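The following pair of complexes shares a single chain, chain A, combined with chain B in the former and chain C in the latter.
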Partner chain A sequence: MTVTEDRAGREVGRDRRRKEDARLITGRTMWTDNVSLPGMLHLAILRSPMSHARIDGIDASAARSMPGVVDVITGRDVADVQGSLPCAWTVTPDMAHPDHPPLAVDEVRFAGEPVAVVAARDHATALDALEAIEVAYEPLPAVMDIEDALADGSPLVHQSLGTNKSFTWAFDSAEEGTGGDAAAAIDAADVVVRRRYVQQRVIPAFMEPRSVVVDPTPDQITVWSSTQVPHFVRFFLAAVLGTPEHKIRVIAPDVGGGFGGKLQITAEEFISFLVAQRLRKPVKYTESRSEAMLSAHHGRDMIQDVDVAADRDGTVTALRVRLLANMGGYLRLLTPATPLLGRYMYNGIYKFPAHRFECTGVFTTTTPTDAYRGAGRPEATFAIERVMDDLAAELGMDPVELRRRNWIERDEFPFTTVTGLTYDSGDYAAATDKAMGLLGYDELRREQAERRAAGDRVQLGIGVSTYTEMCGLAPSRWLGSLGYAAGGWESAIVRMLPTGKVEVLTGTSPHGQGHETAWSQIVADQLGVPFEDIEVMHGDTRTSHKGLDTYGSRSLAVGGYALVEACKRVVEKARPMAAHLLECDPADLEFVDGSYRVKGTPGASKSITECALAIFAAHDLPDGVEPYLDADASYDPVDFSFPHGTHLCAAEVDTETGQVRLRSYVAVDDIGKVVNPLIVEGQVHGGVAQGIAQALFEEAIYDEDGNLMTGTFVEYTIPSSADLPDIVTDRTETPAPGHPLGAKGVGEAGTIASTPAVVNAVVDALRPYGVTDVRMPCTPERVWQAIRNGGGRP
Partner chain B sequence: MTRISMTVDGVRYDDDVEPRTLLVHHLRNRLGKVGTVVGCDTSNCGSCTVLLSGRSVKSCSLLAVQADGVDITTVEGLAGRDGELHPVQLAFHESHALQCGFCTPGMIMAAVDLLTENPDPSDTEIREGLEGNLCRCTGYQNIVRAVHAAATSMRTSVPSTPEAAGAPAPSMGEEVTT
Partner chain C sequence: MIPAAFDYVRAEDVRTALTALADGGEDAKVLAGGQSLIPMLRLRLAAPTLLVDVGGVGELRGVRDDGDALVIGSMTTHDELMNDALVREHAPLVAQAAATVADRQVRHVGTFGGSLAHADPAGDLPGVTLALDATFSVMGPGGARDVPASEFFVDYLTTALRPDDLLISVRVPKLPGWRTHYEKFQQAAQAWAVVGVATAVRRSNGTVDEARVALTSMGSTPVRAHTVEAALAGAPATADALAEAAGRAADGTTPMSDGIASADYRSHLARVLTRRALEAATG
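Moving on, here comes the complex of A and B:
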């Protein structure tokens, strides 16, 4: 019997209010921009106003001589030492991977690319000095459209490559032996639905603009950064800039959201580090929102050509997907891998016998793309869930019925899919039935039929999205086999102090996920100590030096496993001490509720906190017991975990104005066992909101010259409270096999599921009007146009 | 430089400021009121919301010199002197109305003002009342829930001013389980 089972049902599973809140609701938060150091200089970055240009020269002399300006540094000044911003994933051996200097030297390839940095006594002076820097740009042609960029004779983003293609990655189930020949199956099919879906470019838009503070003392360089990945930042600063790793300490203090947008090694981090080293002074750089919109990586931006084949009865026979993915001007940390992280998920929850997938990464003169909440899986889920709805319409079937016919049944797990992944567990019917009940699916279908029959101006649509996703990034062996530079393990250190209080160090790096609370719940159960007696620390490479940070819904699935293991080791480490104090054999002890009890001898027990003090005092240690009660553990997952769920959306569409109103939204998610339902519900709310935002509101738009037209929160319309519906959440629970907590992951599920649910609802409302697709975001104008293009009123 | 005087969270400050200094930068950089944060540069996000003479204002949308002579409350001054949380702060905690917490100071201050104006708002009134404050984490659902909870709590305690609204309430250590 495991320790976990002994403790089940105490803290884990409880709606604990978060420990983190105390500082966040009182304004006592340590954002990076709140860090202030004696003698600190303030940086401002001059950014290219052009999307593509040669830099013929920079005259910074006037800026340098302004009062309060300490230095102005250009790309040329640091060309020999600044290195290249890293891309950690070589997706094909021949992937074109051009250098990406943090400060542009000869050429700029997206509007907003840094070209110079000012260090000054205060921020206002630094901003003033930017105005005095003269840059001579020689304009080069913008390359904006993904398909145009691949055409012969297209202007090139990187002249030296001779092409705008970075890579083409292909998978064919017949060649890999995981399934049949997709092309042949499509040729032979009763029904083929061919669709082109467009994943518009979106911007993660974390609320806290990024900030970095660098303090270069003679002993060590300390970097505070608003990042999801402090361990990555330390590694790459050392590996690229050559500063010895042990001389760098990176701290991610309180971080105001990320959503993948802070899963990056940024130009701003490198620039601040270089300036601090050069001037031997502490420096701070904090971006404005407008800079964040230009400079922080964007997400999505793909064209998806999807062909699905089926028998007349609705049984799917093949799926073929061709992606064109916009890389932007350069490859950033995970740029090429982001579209490919979805490549295993295009088949969704369905039993496709044949599959072909191909993805081409394309350079354009735009801000680089990279991970955004879900990173490839939302795009994959959108494509498969949209096309299943379109197939259902083609066959005249109910979209849920078509899914039932094709999904993996509960008793078929573990199930190896046509892409070669093995799904661990799930019960798609249970989640779908629950969601349909909560939404009132059948009644809404009746209302829909009535409105259609009556020719109501406002039509009703019901959107279905039955998703699964792979989370818990990731088995290191798997990552290595695919060309990723790092592993996917996670670690935890647990130490019981002499007074019985507990300190936990985790290698995960939360930025809103509530790890301090959830990890305390886990430790409280494992060690039998009060929730309040546990302190969780994270995001500092000096203290929690082992870790791979937070992204990909990995923290609990991977880090939680390591945490449980570390706790178990603490329990085992104290066992000989307890046996010694109780004068019994260690094997005769059972550990229950924080105490070692002698089996069969009621009343004979020692608490683990008593053992901690005795071990600390070390006056009478049994042989082999070290004088401190602590332990660490690392865990490398053997496989992914596969949460799933069913999201249903009812949308009312005004066929005269194109206005979409979300009438109800139901999310039933199966994420395995839950540590803190309150936190999970919050993750689902936020994820669903971001998915709805892509479906209805957000798009990063460039003009033909490469100017970002949605460069502030005025034009880039992230939804407000007035824009979003009330979200009904519920769960089904299929524990993750092989995980001590039975937990899967939830950080991205809502975003993955919701976008297709909403668009399916909009399209479903308008099918009688000849509408088969509405491009995202489904603004009133787009919806109205789709109705016109579809032929208007039926 | 212009001489200004303002009271912030109960303390009077007299300072010489550049006329172009935004109130939020004065609060953060001169007065050390870093609980109030900056989330955008177009007055859209509301992260910098404070109470100016009891009414919410985005502190990036006025100059420090325009706040000469006024009384300002930031999120740091909302709790009682003994640390007793304001009902809105407590409700945000109880309802899990924050995740990363960056928008939270502004959201709380906007909610305090909303409830001053409308002590018993409907869902729609809350959603429309907080439209000027953006949150990227919560989908707003638990924020709406928190404002309702705070409204209920405040109606039973009848505060006269926002500063005095710290009704007797459980501390954060006392867990309320559901």
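Moving on, here comes the complex of A and C:
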């Protein structure tokens, strides 16, 4: 083993407790809501109680005259200047894209839509003033069901569009030349399984509610926001509201979770910005939990019609998918693209010869949907992994056996799938075999057979999910070709200070991921400096000005690449200085363990920190060396990375009450090389928990009038640790080709894999009862009802 | 998430609390542990003009042995109920049910009396007091009076307490020779009961002499399943007989259909859980 490899192993690959945690768990944090400025006003937003109504008038005179109230601003007051909240992805040329005023002007289209804002000297006064505002609403019909919304004669969400359809996007492998004719294959098949799965609407429920502070008094208007995307916020504030971009600074300080829910340009950010400019005073808006539940974008919410065709021996011959996706009342930043982010993944890990996919986006009078952990890929994985289990049952095959028959073998990579994506690497058999061993698959199958034979009140089911996902958003060229407004590159700046300490500026914007720790580990190895000597800074457009933020499991896969490149450039930049000090040719130096060594001359070396000081002093710089030691680099991925894995779940179902208990859960993930196993384990645990939550617990429910019935954590059931099984995690490791760290993404894998694993386990337990599906979330009542509908007896 | 304005009195003793309540009139409200009231205030679902905080009234807290009964102070917390030696010995049903309330933090702050006076039909402790035939000791401007559990719970979030009343303590009869069990069904570990069943059974040899069954979340108040109790009186303590009786658990009840569960499912659960509770209490 060479010294260089030894060095590389010192930090990367090691469990490191997170640098961030001490400050986060002792409350020494800078959340946006902690920002307090002299003369700051507090905002409260009046939200529509109706899902669909015309605003005939707003009387804010009583509120305006309350002591402590500075102003009340309605949509009409700012109609000419407030612009429209952006949607960054035009998924089809004819996509219907109605305006989305931050403050509703004439009409509201979901319950919770902002209609007026109060600015007051304190928060309590602002809230009290909301109750004094009178709004005359003329109710309009609610549009709640996405199938009904497409029917002739349906009431319209946006009258001017003449339809509730936003777009239809289709892919056909025969037309694209990437595969055969799915319709023909289905017609000719031995076996066809047709299923309708429903992805219920869920609420991201990040821990820190959204908050925004705007200070219009400095030369650069400064915006603090609890966001995943400070760079996007700056761009769109400038692009939409007309304030020059160089006059805006956006800071995402400590951010308490996002899960995609803060991958958004929010009405609240626009409103706060407008009010601050108008009143020329700093303002703060922090939402309540109830407002977050009601008005921050929701996730999922689609109907999936899936047909899979196969030969008797289990070889799948075609897959056809039709989606109806609920957009909600408006298109937000990525609303139409979110269901489509799974468009190339419905074929999963399989070698299907023919595929057709179609997705229609539909407006309803509900809170807009948008990215939620996994964004499109969990839905795709759910559909394919559920239908593979159903096909196995139809064929009388073991579900793992059916997958083996169809998946891409290790020696077939890189493999171009029926959708045209090229998967870089993977070893599905290795991950699956490992997971089966850890779960005790064969023993559990035996126990299942015994329980079935005995007619046990508690039945056992085993759920299989063999997933892959595309992450590392994203090649800019690919994004551009699909109508996205931005690119997908990432950047890093590394600067070594005169004392040898290092500052890193990253364009990623962590909100719980632990980049400060992982990035320090990477830099420590690259520059040969101690982990503690590195400071990672992010989330401020003044300092980390180049970046595209954090979402889509992209930060390490894309930003990590840029970081390694920037470190390498720093090493190269100091090399002439080292050669000068050592009086040798730069080409004779090797950089090992933080030092430049003269090859073949033991003992002749200069550390990079010595070079940093010499460069800073600049007393004797060699030609062409500048008096500072820093470098930046960017990276635009040439392709996605494709983590994969096998998750297995054993569930006990009480057939009397319908209650599901997860007995064991095994997650074997292949995410390439790992920088910090502890952080990865945390990501997998959290992701699996969130996926289980969709499978068994969470659902945003509206009544027929469009009132959100699950507006608090009493009605919206988020599981706690007491509801979750012990999770056994393990990994296989297929390094990502072409990535300097060999790393893929892990932020969403757990969520993507776990939901179908759990539902498959529930359905597997109940197949003898005639059950072929249980709609999510598989609450006890739904399970009980499914057993009754199935006949109630094995 | 900021309550509407209200006045606040921190009572030193029962007398000052009663005076403050009397002065406060219809819109005064007692603040006990605040685990139900404060969320309602923050959501502005309730807007009392005066809160009388009895958190500092020491005489309302604690458990006392009173011969054939325990007297449990209204400000005794759930955590204290779970861990109190007297409660565990003489009223294990109370300790068992208290342990299922919400989470650890709530149990350390939420109180027995607060939970009973709030009278949420999905609350765990109201049904328990009904099954145990507890008696509520109430003090008002006119003096003290006792209210049996069967008359205390009047309707959804409504009790026999008047606005100027204070719940002082609850007298829980010791039930020597009885066995009890609380069977709670919930969708998540920290959720409210979808249905709960509190049972107390006295048996001799192979026969059930007497059984009491109280149901949580099967109507606008906790209710006793009298038809089950009648069917069990003198019945053999066999699985079949218990199942037969439990099959009537939903008779005469009016469970709600809501976002958590349908009335049908609640009725089904009442039957299943009653059988399980009876099996546990006779096993």
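Criterion: the second predicted complex is superposed on the first by the 786 of 794 C-alpha atoms of A that agree within 3 Å, B and C clash if a C-alpha of one lies under 4 Å from a C-alpha of the other, contacts with A are read in each partner's own complex, and residues count from 1 in each chain.
Here is the rule we go by: contacts are C-beta pairs under 8 Å (C-beta built on N, C-alpha and C of every residue); 3 or more make two chains touch, one makes a residue touch a chain.
In this text, all values refer to a predicted model and were calculated from it rather than measured experimentally.
When the two structures are aligned on the shared chain, A:I701 is found in touch with chain C, with no touch to chain B.
Judged by the touch definition given at the top, the superposed model places A:A124 against both chain B and chain C.
Comparing chain B with chain C, the partner in contact with more residues of chain A is B.
By the touch criterion defined above, A:A185 lies against neither chain B nor chain C after alignment on the C-alpha atoms of chain A. When the two complexes are overlaid on their common chain A, residue A:S720 makes contact with chain B and with chain C alike. When the two complexes are overlaid on their common chain A, residue A:S288 makes contact with chain B and with chain C alike.
Within the superposed three-chain model, A:L678 lies in touch with chain B and out of touch with chain C [touch as defined at top]. Looking at the shared chain after the overlay, A:T712 reaches both chain B and chain C. After overlaying the two complexes on the shared chain, residue contacts for A:G27 are found with chain B alone; chain C is out of touch. When the two complexes are laid over each other on chain A, chain A has residues 123-124, 288-290, 712, 714, 718, 720, 722 in contact with both chain B and chain C. If you check the complex, the residues on chain A that touch chain B are 14-18, 20-29, 31, 33-34, 123-124, 205-209, 254-259, 288-290, 511-514, 532, 678-679, 681-683, 685-690, 712-714, 718, 720-722, 724, 726-727. Chain A meets chain C in the complex at residues 123-124, 127-128, 288-290, 656-657, 659, 697, 701, 709-710, 712, 714-715, 717-720, 722-723, 779-781, 784-785.
Residues of chain C touching chain A in their complex: 1-2, 4-5, 43, 103, 185, 187-192, 194, 259-262, 265, 268-269, 272-273. If you check the complex, the residues on chain B that touch chain A are 18, 20-21, 29, 33-42, 44-45, 47, 74-76, 78-79, 85, 89, 92-94, 96, 98-105, 108, 123, 126-128, 130-144, 172-173, 175-178.
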